[in-house]
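Labels run A, B, C and D following the written order; every chain starts at residue 1.
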Amino acid sequence: MKKIPVSILGATGAVGQRFVELLARHPYFEIVALSGSDRSVGKTYAQACNWVLTGSMPESVREMVILPTNTDLPGKVAFSALPAPIAKELEPLLAANGYAVCSNASALRLTPGVPLLIPEINADHLAMIPLQHTMLGWKGLAVTSPNCTTNGIAMTLKPLDDAFGVETVFASSMQAISGAGYPGLPSLDILDNVIPYIQGEEEKIQTETNILLGKIVNGHRLDASIQISAHANRVSVVDGHTIALSVKFKNKPGVNDAIRVLEDFRGPAEVNEMPSAPKHPIVVRYENNRPQPRRDRDAGDGMSVSVGRIRPCNILDLRMVCVVHNTIRGAAGGSILNAELLAAKGFLD
Amino acid sequence: MKKIPVSILGATGAVGQRFVELLARHPYFEIVALSGSDRSVGKTYAQACNWVLTGSMPESVREMVILPTNTDLPGKVAFSALPAPIAKELEPLLAANGYAVCSNASALRLTPGVPLLIPEINADHLAMIPLQHTMLGWKGLAVTSPNCTTNGIAMTLKPLDDAFGVETVFASSMQAISGAGYPGLPSLDILDNVIPYIQGEEEKIQTETNILLGKIVNGHRLDASIQISAHANRVSVVDGHTIALSVKFKNKPGVNDAIRVLEDFRGPAEVNEMPSAPKHPIVVRYENNRPQPRRDRDAGDGMSVSVGRIRPCNILDLRMVCVVHNTIRGAAGGSILNAELLAAKGFLD
Amino acid sequence: MKKIPVSILGATGAVGQRFVELLARHPYFEIVALSGSDRSVGKTYAQACNWVLTGSMPESVREMVILPTNTDLPGKVAFSALPAPIAKELEPLLAANGYAVCSNASALRLTPGVPLLIPEINADHLAMIPLQHTMLGWKGLAVTSPNCTTNGIAMTLKPLDDAFGVETVFASSMQAISGAGYPGLPSLDILDNVIPYIQGEEEKIQTETNILLGKIVNGHRLDASIQISAHANRVSVVDGHTIALSVKFKNKPGVNDAIRVLEDFRGPAEVNEMPSAPKHPIVVRYENNRPQPRRDRDAGDGMSVSVGRIRPCNILDLRMVCVVHNTIRGAAGGSILNAELLAAKGFLD
Amino acid sequence: MKKIPVSILGATGAVGQRFVELLARHPYFEIVALSGSDRSVGKTYAQACNWVLTGSMPESVREMVILPTNTDLPGKVAFSALPAPIAKELEPLLAANGYAVCSNASALRLTPGVPLLIPEINADHLAMIPLQHTMLGWKGLAVTSPNCTTNGIAMTLKPLDDAFGVETVFASSMQAISGAGYPGLPSLDILDNVIPYIQGEEEKIQTETNILLGKIVNGHRLDASIQISAHANRVSVVDGHTIALSVKFKNKPGVNDAIRVLEDFRGPAEVNEMPSAPKHPIVVRYENNRPQPRRDRDAGDGMSVSVGRIRPCNILDLRMVCVVHNTIRGAAGGSILNAELLAAKGFLD
């Protein structure tokens, strides 16, 4: 199969680097362009990019010359790791010009007509695309992946919601520093410390979870009506967001019922066969002190969400803890899985 | 004034060291004995104790010889930093033998007749002491200080409960490693990690908060009936527990109402004059990213609880975050304040 | 090829777990026994072992029942992750009884007749084995792998010594917490801290480097006579030891000369083909702030040593920094590579 | 005594904040002006400054309005926490205009005529001031404090040099993140990591140590001729630089000889009486694993250097480890002590 040419927008940042790492060895996609800010344009990726991930920059991209971030980029798919304000301006133009935009930015997540996707849980939201064409008049299309913390929450809640109906959720997150990008969080703020605030995060959790667990009716999104209240905290962890959840259901499940539906959860068959899909979207941990970010973030190559400490709640119904790799499943990996879904559904033909 | 002679039981452990540090320069109390396990008995404190706090062991205790932990210790007050099982056996014997036991252990916290105290919020629970004499037949007496995390929660909730009536609380803690003692938590478990489990902690928070906010009726404890559900997590912080709280009240306050009662909170006048009492039991932080453990744990020399991010809750009424120094206010400092209260009330005459 | 049956002694500890992780998927070796202390014997590995590595215990060993650590273990190769005192007693008995002992313990490293091996740099020390048989009367044999820090130093110095003759080395290490095993270093000792002392480490570096860079003459070891002085420090890093080196040579090389010999370094051809051998035993880093433990410890799947900041020394000749993965190359991985060498040389037939 | 009016230049940065913290309660000096960059000018200090130190900004400065950083500032002493390029331009102008500049910046450290001072070890370098007036034509004057790491090294070496003559030093530092200022080092670079490079640091150590231990001959600086070679590393520590030293002397001392001269070291009598001078400029630690940054950085309120692990070196004469608080003794506190010396010597009359 001929690989599909893709560009990565905002390729020198932390999420951009994850895109590069994951796409450099991808079976469907081939990186044909990397874009950056004015400061980087014209330099090779090796010159422009301070590689902050583990190991070395992939050889195949070292000599690629950084292009300006605009609508003249080569490639069929545009993976966006752009900062929110730039994304807001540019992503619609890219979609209008014919690209399939797979964005990790928040810019278009709430835009009517643009699916917010986690393939295992709401692949059916792709039914919005025809409407997107009609409403927005784009030659291309755009899909978005959710906020990193929301990703872990929504994946954990989805099978439980299907089985028992989620009504109310209290969430308290302990989020990794990589979620703040690079240079991101100053070390003086987080070493031997907790920062009990992440701008905009609590709102995103509350809004996006209801989108992800919502339905599509006649091509329109009908959001779920789960009550969610969140505390978002930053802790001294490199990668992997941990979220403590207290949940009330329409039909109260026992602990073992909840474990069973989490264990049995699989995405649609076609999603399971996609190259970035983990064998188990959810990994249930039975130890009383798991999941933990350092030990569980790499489950399913960073694409599985680990859930544990499933136990009764003395006020609501159940308490549990989940861990999600915030820069793989919760960012670049999630957007790539979205692109694989687009490919599987024929949107990239 | 002649100082009151005191012994410290379990003096070589992490909390025992805090007792030593805080009592070595105390205006009322004089350390006359340090007890330890068989391994330490007969050695000097300098020999027996691996000092894990900042700086150096106080000179005044270096040459004190460690005594066995039993009921023959000199001194009028016995500060207990004993492990739970030993405390359970020995503390009643010490009280029976005439000591005023001020314990930081959990052993007697739930024992009928034994006050669980935070002087600023429930000094009136000392009214249990006469009953304690009657019921338990002790020549001495015993008072206990609460679990470290509960300390922060109860101090934060007390003025709010008095003003608005607390009904329901969801708490998610991010607790410092010093709470696990020494050697305590292995470094391999917590560096670049979160441990979403602390044995027994969630139950203690739920039980002890209701004791602390309860009333005394005819010398008996009448617990409060607040619904509390907790997630207890360990994070990579040296000292200072951070707790995210979501609260429902009988009479819903506005954010500014809550801030006002927290700002205005003071303990009883006699408590405020005690040497270990902070000027402000509660310090309200107005920055959107405070309190933080590293920057706020030392407020009031580690005896103030810092509260911030007071904001509406989209499900209950208010959300907020508090930080408490777990080994000062939440352990040794709390027990010393209890002893100061006993002295002020004439129980040590 | 039929796999060679192996046992892992001390399988529940931190290094034991690395042996399990690396051997569970090994092309030559098959785990047939796991041994542990009295506390573990009779339990399954899943019951007995608190898995502290990333991810989950390999499925294949979960149900294996822990055997006592003695000379009745099945298997041809005995991989030893035993504590030094037990290793000292048991490893000679195992070798005497016919096992090929591949030890990561320090017990036999200095024993005459027992090779201390890093296959890429002194595979020729296997010439001691015939003497081992003669001198010690063992039916089996024993080889050892060096101290973790020494591993990084010796691998870095070997090609430089061959080319320019190393005379004097000042080494200052910054070592990861995993080197202290589990539970190992208390978190209260290392968070926001440095411990400038590791028992016995400086002596091991000084002694073992000279053994590794020494020669074999008539089956006897003739140690090198490099002057080495070390400072060993523990820092807040999970895995990966970093060592700052200042080196004087017989024939002073230029920086580029040193880089060239490090870049060109390869082990003997037969070693390079072994399954655990990295493609490049040494990876040269050219960035001015590399190598770094978090970003370079996994080079060559944890089997390559990364060397960088190669620059002039204003007193001696050159300064440089190396990083070695202390529990892979510097422990279990190194011992497995030794076993692969024994297999390649026919010692396991 | 009427307090001397002082301004703090670059008051909103990390070192500027330390100046504010230490000067807000100073017995000689009174803060009359705070300067900042264009972004801050006109705002109150509370508005302009993101306070990154422990606790709260001192009340007395909260409402002070930030002035532009120029030569029109009120006050007699100008404490400079300016970035190097701005310091280079502005500090000479301030001195020319009559201020007594006490700088923590590196700009003027090597300037002929400008003393580089640690009052306890080279107060006699003030003899350069008359020459400074002559050579540079300044109405005021300027003195500088050394690089933070150099501070610890020079203070440790001074008494040893006086007694035994230091010839050669190998130094390997493990430096705290606060040394990089704020925002300074990105957390993604240092959590679970070591950065074996700090720009310009090794050169400063090598140069400034020889200045500090040099003599004054006819008002001119005659640098010492100690050979020093350094490795500068950044580790995951908030405050406190740790430095491993290997030292060769003209007259080789025994370990106890070295301990004795370090224990006995005192600055000149007039320095010892200055308010910021610690009782013991050097604190000798006898435990085999001290000094440690978290436990020893606050010795002497952050103004003492702790030295330990004094032991033989198998190549040179002695090895030892020192810890210095990099933002107190090694920065703001050091400059304030310099100002106190100027006051004591009548330079501020």
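Just so we're on the same page, a residue touches a chain if its C-beta (ideal position, glycine included) is under 8 Å from a C-beta of that chain, and two chains touch if they have at least 3 such contacts.
Everything quoted here is computed from the prediction, not taken from an experiment.
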{"item": "Pair sharing more residue contacts (C-beta pairs) when C-D is set against A-D", "value": "C-D"}
{"item": "Longest centre-to-centre distance from subunit D, chain (CA-based)", "value": "A"}
{"item": "Approximate Å spacing (C-alpha centroids) for the pair subunit C, subunit D", "value": "42"}
{"item": "Inter-chain centre distance, subunit A versus subunit D - centres from mean C-alpha coordinates, in Å", "value": "47"}
{"item": "Contacts with two or more other chains, residues of subunit C listed in rising order", "value": "52, 191-192, 236-238, 294-295"}
{"item": "Subunit A contact footprint on subunit C (complex, rising order)", "value": "52-55, 191-192, 238, 294-296, 298-299"}
{"item": "Contact footprint of subunit B on subunit A as seen in their complex", "value": "168, 170, 172, 174, 191-197, 206, 227-229, 231, 233, 235-238, 242, 244, 246, 288-295, 308-309, 313-316, 319, 321"}
{"item": "Residue ranges of subunit C touching subunit B (in the complex, touch as defined)", "value": "14, 52, 177-178, 180, 182-192, 236-238"}
